[in-house]
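Order of writing sets the chain letters: A, B, C, D, E and F. Residues in each chain are counted from 1.
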């Protein structure tokens, strides 16, 4: 099988243990995460050949970050070891009505300061079938946006499918360009996007048609009209009852049908971070393995639901586990 | 008070911390467990004199396993230290819709390879009032089944009450005999068994009478008819809402009355392993301390419910705590 | 802003990790707590200048206890280092129907054996605006009760507002006086008390008037009639569904209006200890920052609810976090 | 084999992890220790039947302490569960020139307040061959001293050998009697004592004869002259190069010969606490197993040396390991 | 007593546990450190009133860092909460021939980007008797160097004694000025400096006179000639036998006498970081408490030696402990 | 660069934390190791392309083991997932005179029961330059020995260099053949072996010539005479002063010159396991990077010495670190 390739920053995640607050913590647990790398980390665990492209500083922290993804089966040969520092994020895990809290410390990272010339996309993508990126990458720096644009261009040229989680992060976009100046051109190169109503408004100024009962259908239709390459738009609907209890379903529109999955109850949540990336990974897997769009979407949401029960950013649920959830077996009965 | 004696394999349990998956774990927590030893471990904690009979390898791991049960008050003098290895099981703890998962590594254990001649049951059972075994033991090996048969025979001869949790484990029974060839003769020696409908079918080919609304009553009646020594059959009804939330009640039929307990909500579950063994221990305690069958059964289920809030295989709930639950005080209000 | 001062014992809290029982624990987590110190610890975290008055043994354990509160911003200059030992309490954390359990080991502590002459209240309270104590302090020893009486007297003289959580603890009061002999005189010096119906009966022999539907209103009215200094009585209503799930609201009567807050669902509870102290701290903060009694009370309950999601005795919720809860934003959505 | 019985207080030991200071510690590791219980704990591990007599409070902490010794094979049936609190000691582990530091918190313990009538020594000692006590017990309280005297008296009457580690602890002896008033009568009942020159002076006012080159021989001779029951006096010589590096040898005088062992280098020390108790346990084992006094003494010191490499108070070295050291095999070569 | 004030960056220190390498670590232990803050942290522990001046980002990490120093008694009221990020350093702890390794991640920190106008030195230093800085501060950024110059100027004006550890760090000094351009003017304002031969050469181009046998005396004389305010120069001599074993002594020249201390063996080293800062703190304490220069210097080295046995950057040795070492009692014998 | 390939069993290593004994341990730390895999693990860390060939059970434990080596850069594509169980070894870490202790639990492992037909050596070795095996593999089972013979044969055919650490393990060789029956044929296929005098005697009945002063030279000459393919024999000389302190040097004879390295002091030892494998890995690296045999050998011993300061079986020292040791810089001075 040809590989799936992602591009984006990987940060060291330093989380206060259990539910402790930063001021209480005597140590911080280490894992690593990034919205794009999480997708291929999850896919590798599902048995798909994958590679991730990123930059790390040429120091022990960068090597450790690469080793983390290599452990889970991600090919690290296209990672570049240059630049000054590893981006970090600090995480405090909430419970009940107390929200989890992230303090980002990613300014000045090796990735933010990358040189687009470091990446030979023709070479990187030559054995790929799918390239995935997210709205975080072009939000980091002009050079990251440029590298992303290069990758999309080469992917299209080579016939590699392109997807994006458009994901608008308000507190990024500090480098002088706005999301509305940068993202539309990148989105235009995609075959598939993850995009909710709020993203459509924030990024594309597209709002639901007041006459259309299904707001997602409405924005999806408009987006596809504007960006003819896009054949399918998917997203999740999350009901956040508390930091410990969420409900989740997936929805999709692909110009032919509007699909919804069952709603999954997640209670308690072990780790909510990476839930969206697990959805995307599940969707890629589902698209590659099922002939039926409904199955692909349900696989994606079931994968995402299971991710919430797994610590750290990468989804370590297996195909048989996800398929049990798809079949409605959510009872969590002990497997001996 | 005369002692309660059990016979069966004890394994080292190695569990990934918190909800981590095996591939993530940097260490494994150690405890020990076995379906029969858990019963006497729990009984010792309730103040009943007990002894457990088993085999361990004559090495540091065997000594540590024995020490674990000795700590909780189990007499270890009839344990035999011979053979090659300690059986192990690896545990991953699920949450929400993700099931807990056990990887067994018990093949070739000292217990599996035991020689029935190592056990002088006349001596072992001479001060006993109750002998308990489970369907796991005869499933392990021919020699384990033989030792179990010996113990039952001697117990009956000495007037020691015999109970069994018949417990059919599909992935054991690898040694050339089937459950249906071996178990009926052993069950025939029991005064009391734990047996659910599925067990009755799997082990005894007994299915509920379609005309009888109460399926448990139906199978219990048939079992007792076939095995005249058996005076009472009990079991639990577990509703598995998720890996974190179960509901539990107990039922019993003793030829005179059919009993049920209230349903207990267990949310969240701290550790589900050993829940059935805690029920059996609670039932033995209850039978020895209450004149009333309903109280004995309710004590058993209350004990089992509390077990789910205690880490590791052995129930460390105390008599006063269990009696609070029996009285309906399940509010968990802080005890200062 | 002038400071808030509290007086009372601080104990080392030694808690078994996660949900383990004492007999299982290989280590005990350290924190420190005391019903009064928790109030100023929480207030310091909210940005209020505070000082706590207590006694510690002149040894490394006493210094560590003081350092703990100093870390959170509590002024420790009026702490006295004399006497024999640090009071301790051992905590086992329950779950579901299993209650958390405290074993106190505070007899003979430096605080219990204090000499009231060690405290120069004129000096201690000269920059204070508020003095808070609880019913635990006079329950510990005659000398502690005397020091408390001294503090109240000086506070009134200096125009410092006095509040108390009257908090009747049945297993204290071992020194020869009863709660009914000691507390009324101390309560008489208060401007504000936390007092539920049961406390009113246990301490003051005041019971709700059978003709009055609102029992709290009834006892509050009677208390205020008997103690004319008291202008407001507040308390919380806690519904204990399990050790893991409580519901909480606050109520108040201030001679003008009877107030209630919304009910907050707390599920799961991370640490229930100190919930009442967080309510009191929240109420002091609210009173000092809001013109509106309802806001002050809602802030107090919201603070208390959040405390249940924070480990250890001191509430480490921040003002913005509490205000989100006040506004009804209890969804716990991830803060990036 | 008949059993060895000891009598004395057991404390919970709470040690700051690794080399951290109390003020830094986020948790304290739990173990249990007592100068006499450590002797039988070690002996049990060496395969000798043993029992320890003590008092614990009738609470979860007392049960946990008993369970700890039961785990290692100590018979706990003569332990009494009465009284108020469990004695504690807090330990900080030094390194290099920084000494380890203990903060005792044992005042008012169940043991200190014991009633001598609780112990039926005729019954307790009926199957014993050896009774061992230390100078700590009579230093705790008058009632503890009385119980110790009772035990010695009954032991002599029953022909049970009596030994003591006379061990003068300056900061005990707070109850109104001095060591010199109490100890001589107790020592008079011993067959064997551990006693160094400083102890002889502090307790018995015996100082080495200036004309005798071997000061130990000198004081041992005088002690034996004064106490005719005493047939042998032993002790260790410890050279404390640093908290991490000690040298150790054993010496003995038994009216016939003066014996010395080789000097053992211990570097690094893992845990120095209980080193003397391991020596005593080793000496009892050695006396019971070797015909040769030199072997018994060397076994004792080798056992003590190995204890310094084992965490916690009880020596968990095995007979084969100790015998390797006796043979001079101190290279610590990996055992596969 | 008037306070000692320091100025400099504080970083979060994230250290891999035990001797693990970064790539192996599952978590990182948190402490905080900075060459100047460590001095006042240590002094606070010795009972000296102190304040530290720094900048932190206005986020939870900054608050936690401040709380850490507040815990140990450092006044944090002059800390400024502005700017983007907290400087970090990652530490791997070596052993034997493997060196400990630090990865700095301090670029772009709140401190590096400080505005000198944020600090009102007249106010900050008004109750001070001593101001201490190090060569790290002016190496960080032009604005940090400016603030340091401001502080020195005001200190001199107010008659506050000024000291510096001149400490040349080759991999700082990235902002366009060299150490030789900046440091001489700052050194000129000092009364006392820590300066070794290599520093004198790197910073001041001063090399020992080839005719002078005592190279330290030679460079100290030249430095004092060039900077007439400087009355004393001190330093340590460290012999690094391995990462686990160092020898240390102190030397001083004060225009009157050349002093040396005994050499202290440190084996094993628990934590070498902050050893020089502990020396400086010890010297300040010694100068304030002893009339004798030799005692002050010996106290300083004894303090530093003990620091190597304490985890984290701040020296938590006490005055009595240090005085024991001064007296030559380095045997580390257990303190009960 | 062409890759280095190894073949052999990988076990899960479960080690008691710090210096605790098995009976004390509450958890076991996980790592993985195998005499051959450790070589390629170390080489991968040094930047050499490598692959390891082995069998794992097709379960979560097997996947975790593979992931561990993949993390460090070992190609896992030729690993086979078949069979019943993962081999384990339990490790207790000694100190001072107490030896570390291993309890093996590898019987019945997937590797022991492998089918030689699972491995297509032509394919596996087609891009290799070096194949390394050890005497452990043929000691495990007849099929493992056969697979090893196959690999050696194919390697020779393809011109791949073959090396072996002949390593006689007395307690393996349980399958009916002796070391002397099996090993000579395998050794005959090697270009290079690690072999000490004792191995030569145990495996080949070769003893040093009494007339030859250099016993290693003597046995090496005889071995090479008997096995003409062997061009070089190397080994280490280890002086085991204690479990914490060893001295190490390397020696070599290659028909032209006899070489020795300096002796390295290792004190304290962090983890001795894998020291020999690190030597072999260092020698392979050295041979591939240095033209000089002395440098290759010194690199190997320096690498091995550093391994002793690194936890777990795989050497995580880097090339620059090893080269510092080669240059004699063993002071362990802090690297900032």
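Note that in this section a residue touches a chain if its C-beta (ideal position, glycine included) is under 8 Å from a C-beta of that chain, and two chains touch if they have at least 3 such contacts.
Quantities reported herein were computed from a predicted structural model and do not represent experimental measurements.
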Using the contact definition stated above, find the chains touching both chain D and chain E. C, F
Where the centre means the average of the CA atoms, what chain is farthest from chain C? F
Check: chain pair from D-E, C-D or B-F whose contacts match over half of those in A-B is D-E
Copies chain A, chain F: same or different interface, half of numbers shared as the threshold? same
What is the chain whose Cα centre is as far as it gets from that of chain B? E
Chain A and chain D, separation of their C-alpha mean positions in angstrom: 62
So what's the Cα centroid distance for chain A and chain E, whole Å? 45
Just give me the whole-number Å value for how far the CA centre of chain C lies from that of chain E. 41
Chain D, residues touching no fewer than two other chains: 21, 23, 26, 67, 71-72, 101, 268
I'd like to see which chains touch which, written out pair by pair. A-B, A-C, A-E, A-F, B-C, B-D, B-F, C-D, C-E, D-E, D-F, E-F
In the complex, chain D touches chain F at residues 71-72, 264-270, 305-306, 308-312, 316-317, 321, 325, 330-336
What does chain A use to touch chain C in their complex? 18-21, 23-24, 94-102, 104, 169, 171, 240-245, 268, 272-273
Of all residues in chain E, those that touch chain A in their complex: 14, 17, 21-23, 25-30, 59-61, 63-64, 67, 84-86, 88, 90, 92, 101, 103, 105, 107-108
List of chain F residues in touch with chain A within their complex: 67-68, 70-73
